[in-house]
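As written, the chain order gives the labels A, B, C and D, with residue 1 at the start of each chain.
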């Protein structure tokens, strides 16, 4: 088995990933990570000055997560280099390229090329693993932003999807009184089975004034101005949902209800754990590809 | 709102359901439950001697679960009456009929009739709720059939579907060391997120000899003769999977490994809870039908 | 280190203990265990026909738990032999003797003898470990004797001592709604800290009618006739307290409230685990004695 | 029942306590809290300009926690007033005085006076309740100071007293792999019963290199220079023990091991919860005194 990998660009999670891969026995050829000083101590991290040399050493090239923030260049926060997506793809002929959050436009660029592109963010297992960090990050915020303990607090989790499930479990584990909202009767049944207090969306208004902390995971406005009128004035709202979020933030502001919109928590609160999860997912990909 | 319901036949769960419905304010007209003595004490249970009279009092008729065991007559363990499915359907014109495990053949009988048939067993929320009883029943069996405590035992749950999820939670809650087997990487991720020891099917053989109790939820032979060779001789195997189950029972017998095939646990270990779950599901149906 | 031990008499737990000791590398010399067929397969179990020969092989002699049921002979359920305590002690000169529940009268017999007697039942760690089996046994009984699941049931634990603590944890872990009664404010604080519903003895009467299962651990009559009047008719009461127990059983009978007085659960529900706990405690004794 | 109370001085917890007492129906006469603006909105908070007037209104006077930081004046962070302990006591004749952490020297001052002094910090239930905030505060610190999630981390809790017990439960609840160290065999048994990994002090050195986070609760140097040599370089140490703490901080610094000495967490991380706990304890005192 070939133990050479190539890594181009990326943030702290990618730096930590490189360290993990080297500790697992890989030789990692890097480019555009020259400012990551922690990599200097590893003799099996070969930092190249030239992208072509770095890529030449491995059939597999790992790129940033997300690949790009501006749709033109790839993300290279640990480098002074600018690398355009187009230019990178010109050099990846015959390679497997693993990165994250690759846009449809970008995928079109490789349609007629001999490049196998794998988007880590489409991997179900990584989404599940990342809920661990998201849930824990939400709890950290709740601890920091309140004058009370989570233990003994009335906490409402809006939505019982991936994040809702793990978040409820952790909140319960730390001693909160956990209520979970759902729309589907089968989710209400799951909430009972797991031992939380089930709240059907239809009757949400009855209890919405009882909570000390409300954490939203639903990507549509559940907490509109009318509902916010019923929320306790000293309630903390944490919104984990991506755009547009689940809270009418203007209304919340006017009513003086503290609201925190917390996105992309895994990379922020636990970059090392995120790197571990990336590694596990990449190894799963290797297994499936018989690499 | 009309608070009259009709119930025809059924087992102990149906008897308990009638009691719950009456305690909730319904008047329940029954037929073919005359041997259920506990119903005599309720003045709002009207026991009819004539099926037509019983049905006449309500738009909604609740039947047995399962509807029939012989595909001809409905199940009436608390009655001396024999009621054929065909005959029953002749009397249900214009009614809503709620029962359980109604076969395709039976459904064909109503195709051209003015009867709305609802099968409780197709309701997702009831399946989820029943996993609670199934999981707890499995734990009861494990306690009864071993000389050790579950606390501190190495327990393997095969399959991480509905039953696997709740069973693992309960086993963990009672102090077992819980390993869960799954095939999909996303399920392995869930198992990690919930804090159990994940075992990929591919590497099941590595650890299969470590368990004191193995509980199967997968309806195909996972524990074949080869795997059973590696299982500890004093391991207890509980198979919760419907036909054909997940264990080569002949092989297990020959090797002297105690194996219990435990089916239909909810009605057996917790008929009262089962009746509660039926009630909740029926009320959900009422809500959806604006009854 | 001398790896010879002597075991005289005892019940199934002692038989299992012998097996564990042999598996740990000891040679065990037995007397009055000749009916324990499982021991025949171990070549390092030396079954002697003569008590003197058995004792001669080791400085440490392990006896029954409890030592005696009639204050005259030691317990030998796996033997046809009768061994009086007095006679046994005559043969133990210069030995360390480890057994369980040794009465004060018996201890007087050794006062002027050169025998070091250790009562396992006075070891704090064994008491704690045995609560695991007691708690799990109580849950098994609750599962067997009710028509409902423990999950979702209202369960009251009377007393928050050793058994109360572990029992509450397990009940919570399986999904019960757990209330714990205590008298001391500091115990009420612990109950809150662990996340159960605290019930002060002074206000017990307010909620006593709410429970589906009540488990008593207090060795004095808490559930007297007056309190029993307020208990639900279909409540199950499990009394784990030693004589006189905590329930007025006559009154409960008259009122038709099912009451189970469950004593000595560890040996009954989990003899193998009990043997493991005995082993751990004996090894702790060895360590303390530099054996 | 007289619903007048007097509160003199104190920090944010005392301010919150006043709010809670007023919400419970008390009229609270305050002195030396004039900078606590939140109190202005309560009509049942009577802020006096004169200590004698404030005290005159109630038989019960509540003072700061801790009473004093300099052994001369009482703590009045929300006031410009200086109040000496001696002067205060001159005005408390015939009163009950409730405050916290009252020194032996101070207690001597009241020996011949007609003042009943109650130190909240000697109340067992308050100590237990405060462990909730301490434990949660420690977890908050662990989340903030590491690049990993607590979930899945190897965490060692040194000491299995009050804080150790609740901290272990919460860490486990959030998904950490929890090991607990203890010296007594009975504590080791408790640790097993609760399902954590038990580590005997005698064998602590064997595993000390395995942990990602170590939280100490023992008030003597457990982590000396020798043990610190074996700790992982990126391990986070949180020391919750009061002076001298349990960590050789100089040695830890030299070895580059991040160590945080976190004292008095309840007031810092959860002042509102602390006020609730004070209220509960004060009400218990009232009950015991038949107030």
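Keep in mind that, in the parts below, a contact is a pair of C-beta atoms (placed from the backbone, for glycine too) under 8 Å apart; a residue touches a chain by one contact, two chains touch by 3 or more.
Just so we're clear, the structure is a prediction, and the values are computed from it rather than from any experiment.
Asks: Going by the touch criterion stated earlier, list every chain that contacts chain A and also contacts chain B.
Replies: C, D
Asks: Since chain C and chain D are copies that touch, is their contact same (over half of the numbers shared) or different (under half)?
Replies: same
Asks: Have a look at A-C versus A-D and report the one with more C-beta pairs in contact.
Replies: A-D
Asks: State the chain with the largest centre-to-centre distance from chain A, centres being mean CA positions.
Replies: If we average the C-alpha coordinates per chain, C ends up farthest from chain A.
Asks: Determine the centre-to-centre distance between chain B and chain D, using the mean Cα coordinates as centres, and give it in whole Å.
Replies: 50
Asks: CA centre of chain A versus CA centre of chain D: separation in Å?
Replies: A distance of 36 Å separates the two centres.
Asks: Measuring centre to centre with CA averages, how many angstrom lie between chain A and chain C?
Replies: Their C-alpha centroids are separated by 50 Å.
Asks: Specify, in ascending order, the residues of chain B that touch 2 or more different other chains.
Replies: 132, 151-152, 169, 175, 192-193
Asks: Which stretch or stretches of chain B touch chain C in the complex?
Replies: Spelled out, the residues of chain B in touch with chain C are 16, 132-133, 135-136, 139-140, 143-144, 146-152, 169-170, 172-175, 269-273, 276.
Asks: Residue numbers of chain D touching chain C in their complex, please.
Replies: Going by the criterion above, the answer is residues 123-129, 131-132, 166, 169, 184-186, 188-190, 192-194, 281, 284.
Asks: What residues of chain D sit close enough to touch chain B in their complex?
Replies: 151-152, 175, 192-193, 195
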